[in-house]
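Here it is, the structure, as structure tokens.
As written, the chain order gives the labels A, B, C and D, with residue 1 at the start of each chain.
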Amino acid sequence: MTERVGVYVCHCGSNIAGTVDVVDVANWAEEKLAHLGVVVAREYKFMCSSLGQELIEKDIKELGLTRVVVAACSPHLHEKTFRTAAKNAGLNPYLVELASIREQVSWVHTDKAVATAKAKAVISGAVSRVIRNEALDELKVPINPNTMVVGGGIAGIQSALEIANAGFHVYLVEREPSIGGHMAQFDKTFPTLDCSACILTPRMVEAGTHPNITLLTWSEVVNVAGYVGNFHVTVKKKARFVNEELCTGCGICEEKCPKKVIDDVFEAGLGYRKAVYTPFAQAVPKFPVMDKENCTYFQKGTCKACEKFCPTGAIDFTQEDQLLHIDVGNIILATGYDLFDARQVSNYGYGRLPNVFTSIEFERLSNAAGPTNGTIVMRDGKSTPKSVGIIHCVGSRDKNFNNYCSVICCMQGLKFAHLVHERTGATVYNFYIDMRTAYKAYDEFYQRVLEEGTLFVRGKVAEVTDAARYSNEKGKLIIQVEDTLAGKQRRIPVDMVILSAGLQPRYDAKDVGKLFGISCSTDGWFTEKHPKLDPVATMTEGIYIAGCAQGPKDIPSSVAQGAAASARVLDKILQKEVALEPVRASIDKDSCSGCRICNGLCPFNAISFIEDDHVSDINPALCQGCGTCVAACPAGAISGTGFSDEQIMAQIDGLLMKNLEPEIA
Amino acid sequence: MPQMTDERVRAGLTREEDLSLLHEVSVKTAGVSHLEMCIQCGTCGGSCPAARDMDHTPRMLFAMLRAGMREEVLRSNTPWICVSCYHCVVRCPQEVHIADVMYTLKGMAIKANLFSDSTAPHFSQTFVDMVESYGRSFEFGLASRHYLRHFPLRLPGMMPMGIGMLTKGRMALTPKRIKKMDQLTAILNKAKTLELTS
Amino acid sequence: MTEQFEPTIIGFTCNWCSYRAADLAGTARMKYAPNVRLIRMMCSGRLDPTFVLRALSGGADGVMVTGCHPGECHYIEQNYKALRRFLLLQRVLVGMGIEPQRVKLVWASAAEGAKFAAETTAFVEEIRALGPLNWGKADDVPQTADDIQAAIEQGVDQKEAVS
Amino acid sequence: MNKYLFYPGCSMESSAKAYMESLNTILEPLELSFEEIEDWNCCGATEYLGINLIPAYSLIARNLALASNQMNPMNGTGATHTIVAPCSACYLNLAKADHYMQERPSLGAKVNQALEAGGLHYTPGTLDVRHLIDILVYDVGVEKIRSKVVHPLTGLHVAPYMGCMLPRPDYKHRWSDHEHPTELVDVLRALGADVIDYPLTTECCGGHMTQIGPETAFELIRRLVADADDRGADLMATVCPMCQMNIDAYQNEMNHFFGTDYHIPVLFFTQLMGLAFGREPEELGIGAELVSARNALAHIGVEVPVTQEPAGPRKKSEGLPMPRRLNKHEGKEVVK
């Protein structure tokens, strides 16, 4: 059957008409493309206006159009508009094609004749294609109202609480024994200097006791299958060797455990913990975990002190890792960040010079619940520093390490300066490249630290050394830097150096991204759907991101993103079902040879192999429509709706139409 | 004319054509200089082991390049003090090829005859003369020519060392010459007609 | 005087990065050569090499394939597959007696309107220099794998295409 | 037998003869074979680059072109595309030319244009430019070195001095670190030496500043020597002729300049390897250093014979005044 095609050429005011002879284009289309089925071609000042849309709707109804081409702006702008118009007039929306003659023609070329000819070619391509379009229906799938939040830092906690408070169930998965994340390690929070634990702990408790939240700590997601609304997640709940039903969290096991080990995680290597432990006093849940690697019983076969003393018999050496299968409709990833390993900047001496500390070490050092009860001392554990240098941008804004600004380090450095000053009275230097104190009440904090007498040196520190050049440098750490405002190289001897280390993506962020089917930026942070307008959604429907997993940010922004992600999830849950774009691949089982070439190509695991029939099959809900398998199928058994071979081939031919006058092109 | 420049600089004026100075230096530098990427953090000036003898730190020099202060930059002793230790290069957060930019500035200063101290350019030139004549460096010839010209007063103090070097067989009194000197000369003569322009 | 040869080029662009880069070039009113006509695909991984052959046999003098930068693919990693196919395709073209540099692979993110414009203009000039495509007319069709490799190395700086 | 192309550099025949002599003694036990590049020329040190760019790179590239021609007949005999330089400055120049000719194709094209005038051509990337210690640590291996030690240097406190141009700029990411590399430390430890913690290990020796701005250079030498002395070093081990020359030959003048009295001998690491492998000091050029290592080596039972001092131009040196300290502009002229 011959299609009846309508072509609509938009002037876009003078945006298109200024460079393209739209009247000529319309006349040409009606005449020269008639053989493809064009029955009408019109030009109009603003096609996207309601009058323009009505024009199309009227033609569809009155002229019985079966296909529509709108030559206007980029499809990314108004494809939806014109498809809706077609739908209103009773035409399947996928029978409408946009020909971009603004972004790709009138705005980028200057010669009117050339631009007009190119516009014709573009329209010819679109018409050739549209007559091969098929009517498609959106896929509707129901939404499972349960949600999984991965990562129990402040962003994840916030997300979980928002959704739980709205009355829906949340699984909060955390890799460590307790929720709380990095924030639990901090002493004070800038700029208000609230005690971090004081504001965080109530949230942790709320999350731990909320009837709508299932807390899965010491657990990791190991597999994700399914699609928006219907994810099937496998969570590995690592053996705690403590029966959570029986444990009261009394702490006797930890007290009696004879094995003391350095706590590299929570205490950042500055403190000790036992082999059976809760990482910190306010941990949620309160149940300890047993560290098999260090437990004397597991290593040597005897001890069991914990078991002997446990008043409720909760210690269980036979416990094994469990795999939990959980179905959810949406997932929020709030997996946080890793601290930049400052040893990489070998000129700053961390790891070689004892009195060089990292920011997280200093957090623990200044924390009243930390290894020194909040006394700021040097590595010997007793001397108070008389002078302290705080170095900003360690590992950040540096092409040798991480290119980006880690956002929090300036404020963190200022906070450290304040704490050192307040608690030791030491002379404090801050070395910075640019002082970045944007956001509410941040610059005021900078003013305050200036007022307290902290000395600021604008210059990226070149090195920290113990090689004294002059007698006053003996026994000190010398910070060598160009004071760029004074234009002189300076050597400043101090007792202690704190490296305000940057944030970087979790070491396994790439793998986690793959697991959940989302991508990472070149820096390694999870990529949001739109950097400004859709910052917590991802390109994979039903997967959202919040907090530092998306990029470095401070606590207020993390909390805001946590809340934003839950708003997006609640929106989905309340819609009860979700419509999926019908751009999908499908396999013609009769043509499929069962070669399985396509099986390995799909990053979304949408293609499975049906052993019985010896053919491959595509799950339309998992398929994202990239088309890679379509291109790869040697048997031509896979077709892509919306982007079929026929459509693309026809478009190629259409674009290459001759006699466009002039022959640019 | 230097006086004119001083006037101009004092008045804070920059000629349009001087704004291309940074680009010019960048183009003439081997490798991709990344000079335009400098964020003025001072890592170079802080790292430099010889900064105290420089009239401007490398960072300041780069700011002056941007400002189009051609004569002031080419007159600076900074490139001549640079010891090519590459501390700044590996530490630079913007991967600016600082040491190579210094070589470029030296070459430009020599061409423009704008250096305030001739010791270094003459040493380099003497060294190059030896290499161009013999294909190998010739320490004795170099040292004797250079010290006589620039450090006549240092010679006495150097004598014990020079004698030591000679007696311990560490300095030859006659130069070594490569076999295909004509080949090398042809290469260098051709090379001298070429310049990096893009 | 002979008129300047105006090549016809078909561009296959990925919906997420390079098509948006083209949009951005437009929004920013960057000017580039008008010889390229674009086809939007969801992903550069959709590129079936036969599309390129169809375009070249149908009158195009060159084909430009654009996708997201490696590591930034909207579909995780499909642009790597596009890269693999592209490299293979070049060999096939050589085998057919077509200069492999008539196809070009460009990575352009949605933010790289300027890059898109510059690469397009540069490619048009490259094809202009090659002259019109005489499909299958070349006498010196390379025969051995080594010949093919040599022809590719001579013609295309593959590293540049990848980076 | 691992075969390599070898670029000795000018110093190896003169001021660093001891380096060459000692290097020759360790090749065989470590099963290394070096084939010298035929008719190599000076790399231009740090001097030519500041005068005229294209000639400077062409000068270096001639060596690369010669080497790449020479590597062909050796095909099939091992790592033939590797060119070894024992001097850090030569190493850097060769590596740099190879690297920049790739990074800046326009430079590569011009350099080749010049080379063609001499009938040569070099395709950047053909050769792998490496330093001697890189070969010893990463190809030969520390274990093998340790296995050849017959006279451990136990009790000898050595400051490991890598110098600057070796670990930096490190175009190929070869070194363990740019600031505190471990390669030399590992070799010296394998010899049994007591390696001291020497944070200045990659600081500059002054380079050509000993020739053109002695006050700058003396300060750099002072820092190195003073810190080594502070930390109890008996001697310093180096991997570069220029470093050895500066710290050894100018130490005395530096002492005069600052009124200090340091006495830190500087030996090439290959000399220490030779000693540990059981060679005699004379075979290793020990004694050629101006700050004598005799006392330092006596600690570990090595006797260095007194070298005769043949008659030199001594007569003219009598009765001359002591050197004066130099002011910044003394003895220099202003060119207009």
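Odds and ends about this structure:
Assume a contact is a pair of C-beta atoms (placed from the backbone, for glycine too) under 8 Å apart; a residue touches a chain by one contact, two chains touch by 3 or more.
All of these numbers come straight from a predicted model, not from anything done at the bench.
The pair with more inter-chain C-beta contacts, choosing from A-B and A-D, is A-B. Legend note: the chain whose CA centroid lies nearest the centroid of all displayed protein CA atoms is A.
The centroid of the Cα atoms in chain A and the matching centroid in chain D are 50 Å apart. Look at where the CA atoms of chain B average out and do the same for chain C: the two points lie 44 Å apart. If you average the CA atoms of chain A and of chain C, the two centres end up 32 Å from each other.
Chain contacts: chain D has residues 178, 223 touching two or more partner chains.
Each of residues 52, 87, 90 in chain B touches at least two other chains.
The touching residues of chain B, when paired with chain D in their complex, are 28, 30-32, 49-50, 52-53, 79-81, 83-87, 89-90, 99-100, 102-104, 106-107, 110, 113, 115-121, 123-125, 127-128, 131, 135-137, 139, 143, 146, 150-154, 156-161, 163-172, 176, 178-180, 183-184, 186-192, 194-198.
In the complex of the two chains, the chain D residues touching chain B come out as 10-11, 13-18, 39-42, 44-55, 57-59, 62, 96, 99-100, 103-104, 106-107, 110-111, 113-120, 164-165, 168-170, 178, 202-204, 206-209, 211-216, 219-220, 223, 249-250, 252-253, 256, 287-290, 307, 309-310, 312-314, 316-317, 320-324, 326, 329-336.
Of all the residues in chain C, the ones that touch chain A in their complex are 6-8, 10, 16, 19-20, 22-23, 25-27, 29-32, 34-35, 37-43, 45-51, 54-55, 58-60, 69, 71-78, 81, 85, 117.
Against chain A, the residues of chain B that register as touching in their complex are 39-48, 51-52, 56-57, 59-60, 87-88, 90-91, 93-95.
Residues of chain D that touch chain A in their complex: 177-180, 199-200, 223, 227, 230.
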